[in-house]
């Protein structure tokens, strides 16, 4: 192989960390995973061996201090993201960090400054930007096929609510789930978000009343006058419902849901198809591979990542404006959080 | 024929009046159109003869005074609706009135009171409630297939903006165009609207700036906690885009657009279909016939109309709340207009 | 109205005759139905009155002898078609005749000769040529969008078999049901049929064994080398399944089934739509109106009908070749029947 | 890993051989590829190293003689298949062999006998049986959803014809391309093929006249009376068109084409989607992985392969009957080739 090897250290061996590691092992033969760091590592030993990970550690500083390591992949809990970003940046490592980038705006800004000072790359894992359907919609916008966007619509519904314990520490629906949609709203538009009106309810299960909401709708206004609607639910019993639409001066484009097959069944009762994909892992399989491919390409070709730390920050700022809007039941200017 | 004849007087021979008259002539052989009243009648003579209309008149009182007339069909300009409703009610005639029922809430309420006092029927022409697609969605809700509605979505886009002169006297997008959607939002839900947040922009043509908006989105909250999003545009270049969606605890149901044919063409460039219907007359042809059939049935069987004067009033109240919300950029409680 | 009146005499007041009469009454105000002739007329009296038919008769010669009559519409049983065509032609009346034109080739040829000698128009009721979907496919072929046709595919399945008594006198599946498809195969192609291979089975109900088949497939070869497959069933439990496809050098085009609505329902079980139309009257409603409109236009504008007597003959010839192919289990040249 | 390792030798490093090797390396970590044998190996060295193949050889006997080798994967040219099958069977190795199994029926039968005598497994690479769409159709048949199959329809069209040089040695369209469809016709049915009528033409390019055909249609009759139509073209300019349909006593089921995305674009011209997949590698990617997974499972669990040598033989017999039918233009009983 003529490709140069990239040596990475991974922080966080939970579900999403494992997903990324397995994608790398299967798809990118020029990546060497030298470290996997986690708070506990015993349960990861067998799997790490299978993956060919060289060293398991509970000490992240090993990664930062190892000169061979080119890049750090951060899949730990949200509250640790900025800390590790700062350390990695200071150590001169390129960084891939899962969304959301953090939860405290001042802290995030500090992190981004350190990234900039050290001239390293930082890419945020908004994997949906790399989905084949959503990319095609963005391309139609880029190609001018639909003209200037006027109305953007995002539907994003989970198949089932997470456990109550998770909800309690999730930061709330707007930070945990809608965070993808705040970013998608920016990805699809030709303008920045100016104002947010968001509202929500507990409609699925009373047990989260007072803790969080489970159903939400929002309107975003962009600086160029275009508008966006978002609707979320924690429980779409028919599957993982992920659709977007861009309506513009010259047309409209819509991404429908993917399905496990294209088979139609006709009976004396109805015309039927199988349900859409049920889980994000099935629907966004390829998008996770493609975002990692893009990150690796940025390192190899020394170019700017397609989703930057600033994008990570913006999504958090919109989430904050939405949270305030929900609480005060009025539209909130994004400038309040900038 | 065993069906009893119904004798009607028509007020208003404009586009929508003619449409209804032609539907009656073609489809309801037991209806006798005895009068057509309009401000001017010369230009209507030939057409009225073809339609078998017995008498053309500029004097609406002829209709109210004729004991043979069972029902009055009001297709005149909005500002005259309540006046004619009152006169018809006092004369004991059943009434079909085009939307919107009026523009002044006190005036509308007076009209409804007189209707009630005189025990006549009043049906408002929200024809979309009789569309085959939208009825099917409502049926799915009624059948409990989608469970309790949580999120309702209405997309309603015209193919091209009306002339500027029309816009100036239209009462504004929320009264003229969205009025159908305010009603649809009530038709699809299992609960009444409680609050409205609406916003809009001029994105299509600057000439209406200061007069009206041409693109709008809105969020409605219902009393049971469910929510609705509406999006409108005066100019969808690809046709008359009319879609609805009800998402609930047990599933979701969506009405897609009708198309002139079901033919797909595959070439080395793309997979293509012909555009959706371009105009409301093509899309809602059958719904106009079906709403008139329902009205005639109400007279024949002496039952309550499926769209009452109160429904007409409610749509106007929501439009007013939306207008205020647009102007003040904050959510408005519907109770302010009740 | 400036349109000139057309005076017609109708022969045959069965299901299809009534359908055409009702279509004329509703849609063509310039047509006067002066006669309805049938073997018995008592049961038709009330209906004929409603339709405004001037005279009911059991004597068809009244129609042929009445100089006011411009055109004769033949909806009687197949075995009487040619007899009435001859009489009408001799009387100088234009003729609309239901499919199939007849069952005896020599007899049909005689009829066509008399039509030609008398210079009257003869149109055969292959209504599917006027279906909005199939016309769109033909237009795509005419426009050259799919290039030279290579493979044509016709699927034509009834929702339920006719009664055994009907089957016994139907002339067989290839003459009664596939007759539409033999014509469609000619309508879609740019070349004439040269050879037929047809085969069939009794798969639905044993009661018709020895009398007819209920399931069939056929291959047609055209003179230009292109080919066609046809498949038929008397019993598609999911509805009236009518699809066509033209595959050519530059692409392909397909007509899908029409459905009563465009609503999709998503549940935790499946994605569902309502069944396609169940009956030919629902599916081909407009095509019957449109074919009559074309016939009337041919009279008014003195132009050649779009489906001629020769087209009627060709379909019967193909049916005969198919029947022989079925019986002898080998391909049969159409020239044997020319 | 607790899975036992399977040691394989691969024969043939052409396009399809490489595809399988890469699939194994990416997806099945318990498979050790000990040998890759080909007539020449120089050009394969770098790639084999990347794949972790232990030994490149031009001497296939090395594979058969190595006791460590559990299974042999045969991807060499068709004329060598049976020779290697015999050798592998005698050496006690399980066998995966690409389609078609061979071209001489006696020779194939000899091979199958030796396989049986030696008690090894033999699976034929009819990958389409493992396609997610086609499997779903088969499942609907198995589940009885469509009842007894009456009509099966297979459309199988390539995007572009192979080079003339390839066509000359391909064995003809019925052996090279339709071979998949002959197998699919058996996979979808509940009965064995009894008779074939096949016909074809040169419609795409005159250069293959006298050598082969490029467009074909066929009718198969099964022993239970059900029927199948197949249509093939070497050049569908809009992509790799692969559809199947099973129509039965209780319904119908159809597999539509897969597309690279689910995005729809609406403009003032048309409603558009991107073209379907263009090439078999894109469309059948997963099916190649899944068939190998099944083969490995058969070895691990010591069970009968889902596609046996007899299946390989049957497809060749049908191809032969089709070829005779084409040449003599009459239906041919399959028993002639059994």
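Each chain gets a letter, A, B, C and D, in the order it is written, and its residues are counted from 1.
One rule holds in what follows: a contact is a pair of C-beta atoms (placed from the backbone, for glycine too) under 8 Å apart; a residue touches a chain by one contact, two chains touch by 3 or more.
As the structure is a prediction and not an experimental result, all values here were calculated from the model.
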Comparison of A-C and B-C (more C-beta pairs in contact): B-C
Reference subunit A; chain at largest CA-centroid distance: C
Centroid spacing, where centroids are CA-atom means, of subunit A and subunit C in whole angstrom: 58
Distance between the centres, which are taken as Cα means, of subunit D and subunit C, whole angstrom: 43
Distance between chain centroids, defined by C-alpha means - subunit B, subunit C (Å): 40
Residue numbers of subunit D (touch at least two other chains): 236-238, 241, 250-252, 266-268, 274
Subunit D contact footprint on subunit A (complex, rising order): 1, 26-27, 29, 50, 132-133, 136-137, 140, 145-146, 250-258, 260-268, 274
Subunit A-facing residues of subunit B, complex: 148, 150-151, 153, 155, 157, 197, 199, 201-204, 215, 217-219, 221, 225-227, 229, 231, 233, 235-238, 241, 247, 249-252, 329-331
Partner subunit A, residues of subunit C touching it in the complex: 236-239, 241, 259, 266-276
